[in-house]
Amino acid sequence: MGSSYGTIFRIHTFGESHGPAIGVIIDGCPAGLNIDESYIQKELDRRRPGQSKITTQRKEADQARILSGIFDGKSTGTPIAIVIDNEDQRSKDYSHLENAFRPSHADYTYAEKYGIRDHRGGGRSSARETAARVAAGAIAKLLLQQSGIRVQAYVSQVGEIKAPAYNTMDLAKTEENIVRCPDQATAAQMIALIDQVRLDRDTIGGMITGVVKGTPVGLGEPVFDKLHAELGKAMLSINAVKGFEYGSGFGGIHLKGSQHNDAYVNEGGKIRTKTNYSGGIQGGISNGEDIYFNVAFKPVATIMQDQETVDNEGQPVTLAGKGRHDPCVVPRAVPIVEAMAALVIADFLLRSRVSKI
Amino acid sequence: MGSSYGTIFRIHTFGESHGPAIGVIIDGCPAGLNIDESYIQKELDRRRPGQSKITTQRKEADQARILSGIFDGKSTGTPIAIVIDNEDQRSKDYSHLENAFRPSHADYTYAEKYGIRDHRGGGRSSARETAARVAAGAIAKLLLQQSGIRVQAYVSQVGEIKAPAYNTMDLAKTEENIVRCPDQATAAQMIALIDQVRLDRDTIGGMITGVVKGTPVGLGEPVFDKLHAELGKAMLSINAVKGFEYGSGFGGIHLKGSQHNDAYVNEGGKIRTKTNYSGGIQGGISNGEDIYFNVAFKPVATIMQDQETVDNEGQPVTLAGKGRHDPCVVPRAVPIVEAMAALVIADFLLRSRVSKI
Amino acid sequence: MGSSYGTIFRIHTFGESHGPAIGVIIDGCPAGLNIDESYIQKELDRRRPGQSKITTQRKEADQARILSGIFDGKSTGTPIAIVIDNEDQRSKDYSHLENAFRPSHADYTYAEKYGIRDHRGGGRSSARETAARVAAGAIAKLLLQQSGIRVQAYVSQVGEIKAPAYNTMDLAKTEENIVRCPDQATAAQMIALIDQVRLDRDTIGGMITGVVKGTPVGLGEPVFDKLHAELGKAMLSINAVKGFEYGSGFGGIHLKGSQHNDAYVNEGGKIRTKTNYSGGIQGGISNGEDIYFNVAFKPVATIMQDQETVDNEGQPVTLAGKGRHDPCVVPRAVPIVEAMAALVIADFLLRSRVSKI
Amino acid sequence: MGSSYGTIFRIHTFGESHGPAIGVIIDGCPAGLNIDESYIQKELDRRRPGQSKITTQRKEADQARILSGIFDGKSTGTPIAIVIDNEDQRSKDYSHLENAFRPSHADYTYAEKYGIRDHRGGGRSSARETAARVAAGAIAKLLLQQSGIRVQAYVSQVGEIKAPAYNTMDLAKTEENIVRCPDQATAAQMIALIDQVRLDRDTIGGMITGVVKGTPVGLGEPVFDKLHAELGKAMLSINAVKGFEYGSGFGGIHLKGSQHNDAYVNEGGKIRTKTNYSGGIQGGISNGEDIYFNVAFKPVATIMQDQETVDNEGQPVTLAGKGRHDPCVVPRAVPIVEAMAALVIADFLLRSRVSKI
């Protein structure tokens, strides 16, 4: 009921931020895929807390243990279970929250929905859950690499500071700075802004752009399971995401059809489009051009300031800002966006095997 | 494979624009719901082509026939099948398209994905398919009305012309003009713009805002099936949609946590939030406040102008602009947005029945 | 909620026995399959009431109309909708049943489950619903024929009269008599027995054996979706079925492992088994040998005799035996068993395309 | 792809017999259920190897560790993950099997399906996988107990030795002997037979009968997801099962409708049936009477005798019988049958919450 994703390449996640462990089962990974376990760890390390001065200083090793589905370094076609133990839990950090509803967190809605709530660190609603997605996404990426498909994301905006268009930058440089923006000058500004926000004991919103290159023509299903509809759902399911657009996106509102249409041309025997307002997807199905999309993140709800709220009996209480949290979520969310995109594309890649006789 | 939507309240659609009929099966509607068949027709009439001077002049009666699932005016708990026959098909209007790929349509991607293509009017990729969604959405709306939940949508932008914020207008006035914007002055400007674009033989993009009022606390599921993630998928699955945002949306990028957080207050014994940047959803679960969201639509791809493209052998061809098409999709898309929102909320309403012991 | 079957090759059925129509959507049929519409009709004719003296004398043309998914004689990869109008409904035949619960029918359970009941001819619980399965199964059979897989069924028992083992008969002779048993001497006895039972205004149980030949090695999924588990579910979902067994079945209880094990042998370079107690399935996955299984049907519940029962207020009533019904269900159930088997195998055939890299 | 079961109360299992661990995620358990962890362990102990002289002497503690979904002794509505570490693996016991296909095991079919095979103890196809089902089934049983529903199973046949009818015995006495047959005299004969078979280095088949008492009217869904169809699938998915029947089962073939019909009677204001050939299910929906069914198990394929077979290159090899295996599977399969039945009923119990307005 909400913890599964995908149709053929399908994942099931579990775990609370302060329980013994979180994890994921990947069901539907084809047999015979070479699984480099160190690659899974590398991806987790990109998401790990405490990796730089602009992220939370909480320490979690986030060590992935594979329990099944791999034999002699290859996937066997059976479910791949990965468990990540919780370590630096400090549950007592949360004892003051036992009865208070943190503003713009899921405390109140979980309490009402379930009548019971694991208040320690948000429980299931904690962004810690996304580590399981990153582990599963690493397997999806390995599958996509075999087909020549590359999924990349980067920070394209923090507050008012924006990066240039994706196709004017060298995306290979994304990991060269701690904010994960491939344009180094913009990155420096973003880092300075986040650092200032942190000193102000506040948080700030941001945007991540995702790009998928090398997709064959034909991924995506008609009507409800359009490629961009699934991408949108996948992105919107990530904690703190408030919006999704692909191709021309909200900018397309302002355009005329005569400007927006992507003319087909024959480029050395290959059918291409002159422009790419479509964002690589037409009628919900990939056309072989770059798929690109933007994901909007709100400012992190946990701030280091006193906030007025109510407790579970509706009484007003003042919540002190404490703990170890990210001043801006986007640098650590880059691998999460990539993971979710990879899961979507991998699923459609397998689904496309049954389109034709 | 793509033509089903929902988990418990679940629909399956079928049909091509120029086949004998389109239709839908609604499975999972609880027994005992009063079904007013004329209401289904009224909703279809709101989407019907030819309803005003700013929509396509194609004529389709879009008459819904119910084949099952209703007895003595009530749902029986078994699948409700609704068929809408295709009438004004004029397949010959499309004979010039048999081999050409229309720019920014799904012709090329369908041809590659399936190796076979029903070229008449876009076949399955035609927006005609959305009539089935509206019929199903009408049943969902009847279910929601029983629980005091109202789903409303309106045109909030056409080109550069924007309506005021949703909570400053009387949404009951949406149907008082042909563009479906509740602010009459803005509506007049929008209509004038669309009319001009039509005379220019061009098309233009727009935006629809959806609002859901009266939702109980607790709708939506954790992790992947967050309420806004499903809403986003549902909206992005509508033809011509390029973006989705809810609550603060892309605007949240610019805000600080201290500005964006929605403080809880006790309002006469009821827990409410002071502001509503969250858009009525926290941690993917409704908190009882208004749910509101924006949906971006690109300009319609079919324009009344010559366009350069290629045929299915990659040869350049000039496509003449002809036929009967909408200069702007948003006026007729309002009932579609409402239908998809109603389907999402109805499904979560039923899913929420199993959250607790 | 119950009216869908399959994972990739997936069907959704609808319709009550005395509503306007019944039908089915087939979603997930690969594009490019040649669809011979007359074949669908031929299969429906095998199930049709009134086809011989030992079946119900009710008349239904059961004419299939295809509404979508086929273009130029080929599947397009989009949903195939098939509708069969109800004709000879005689709803008044059922007015005496409006408040009475027929013994061993679904009247009471539907009334309790849904709080509302379409009493005319059993409504959704009527075996008329299986016509939709046969139509869908015909498409599945066409898909299997392309891969050299043949699905056949026949009547193997009526009351005490049993046919010889499947591999000692020529199954091609199944349609040569009205009871559908390939052994003509046994068939004659079965027909005589059913005829006698009919004269006695009673009904009798029977058994159908299904055989699938030409299956490649590798169909079926581990753990829950084992090939025989899905076959079993498919068969048990047919009206009046009380049991399912495959391979050695219940007879395997009596055997020792040393007798029951199917030794592997190399037969001209192909791995085969010497015996086939496994029924062509090992660990839930096909091994290339014949798949064979038995399906037990109870005697039809509607008998031409007075029966004591209660009405919906719990008051005792006597139910008069009237109407037009089958004295034995198995002759007409042969195409239904074949259809369900074909749907299962077709689905696994497509699922097997994603097992390996 | 095969490792998930259920619609609302849904489980996902993972793990190979000789990997680090096996386990299960239970998604969809309502919040607020009291979870007695020792009960889960008690159920696992009933399935554990090495529990008596007539089972395998392999030792596994089968200790369940709960990783998520439970807080303060109650379910929280989020996924419950349970892991059982593998201990006594002795992978070297299987080195002689690396290239040989064991008769009537899944070695050959897995190798062909996936192109890669974890040969140690059958890998994913090992019956060890059923421990995960038992753990999940324990949670389902706790949910059912809250609603007054009891699921019980017992050994009803071993070889030719049969127990009396279920409603003539005291099922509470099932656990009083090591073969799990409530009739002590029959049990003694069964134990003697299994012991003899073990001395003969052979194995033997058997039957388990399941009984569900206290089910409300209305569980089960029409058409494909009939209660007995899901029960059948659930049972057939258990290793070594060859057949399933409920109510009159295969015996119903021999009966007339006038004998088989279950007359309704008013028993002190409650609608009951005089007889129960229907096995508590009519039209796929429970009618409140006892649900009872039989499950046929083949003799275990691993025997302590030399067997002729082929290796993965098709060359003949002789397989020595060694290792530690069950001479008859049914005593240890009793809790597995109960677990699967509980999972089916729990799922339908939750599904029935959305049948009516």
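Order of writing sets the labels: A, B, C and D. Residues in every chain begin at 1.
Just so it is clear, a contact is a pair of C-beta atoms (placed from the backbone, for glycine too) under 8 Å apart; a residue touches a chain by one contact, two chains touch by 3 or more.
Source: prediction; values computed, not measured.
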A-C or C-D - the one linked by more C-beta pairs in contact: C-D
Selected from B-D, A-B or A-D, interface repeating B-C by over half of its contact pairs: A-D
Subunit C-subunit D separation of Cα centroids, rounded to whole Å: 26
Between subunit A and subunit D, centroid-to-centroid distance (C-alpha), Å: 39
Gap in Å, rounded to a whole number, between the CA centres of subunit C and subunit A: 46
Junction residues of subunit C - those touching two or more other chains: 1-4, 8, 13, 28, 31-32, 77-78, 113-115, 124, 222, 354-356
Touch list for subunit D against partner subunit B, complex: 8, 28, 30-33, 77-78, 143, 146, 222, 350, 353-357
Of all residues in subunit A, those that touch subunit B in their complex: 1-5, 13, 101, 103-106, 108-110, 112-115, 124-125, 129, 157, 159-160, 197, 200, 202-207, 217-218, 220-226, 228-230, 232-234, 236-237, 242-250, 252-266, 269, 271, 273, 277-279, 282-287, 294, 296-303, 305, 307-310, 314-316, 351-352, 354-356
List of subunit B residues in touch with subunit C within their complex: 1-4, 8, 10, 12-16, 19-23, 25, 27-28, 31-32, 65-69, 71-72, 74-81, 83, 113-118, 123-124
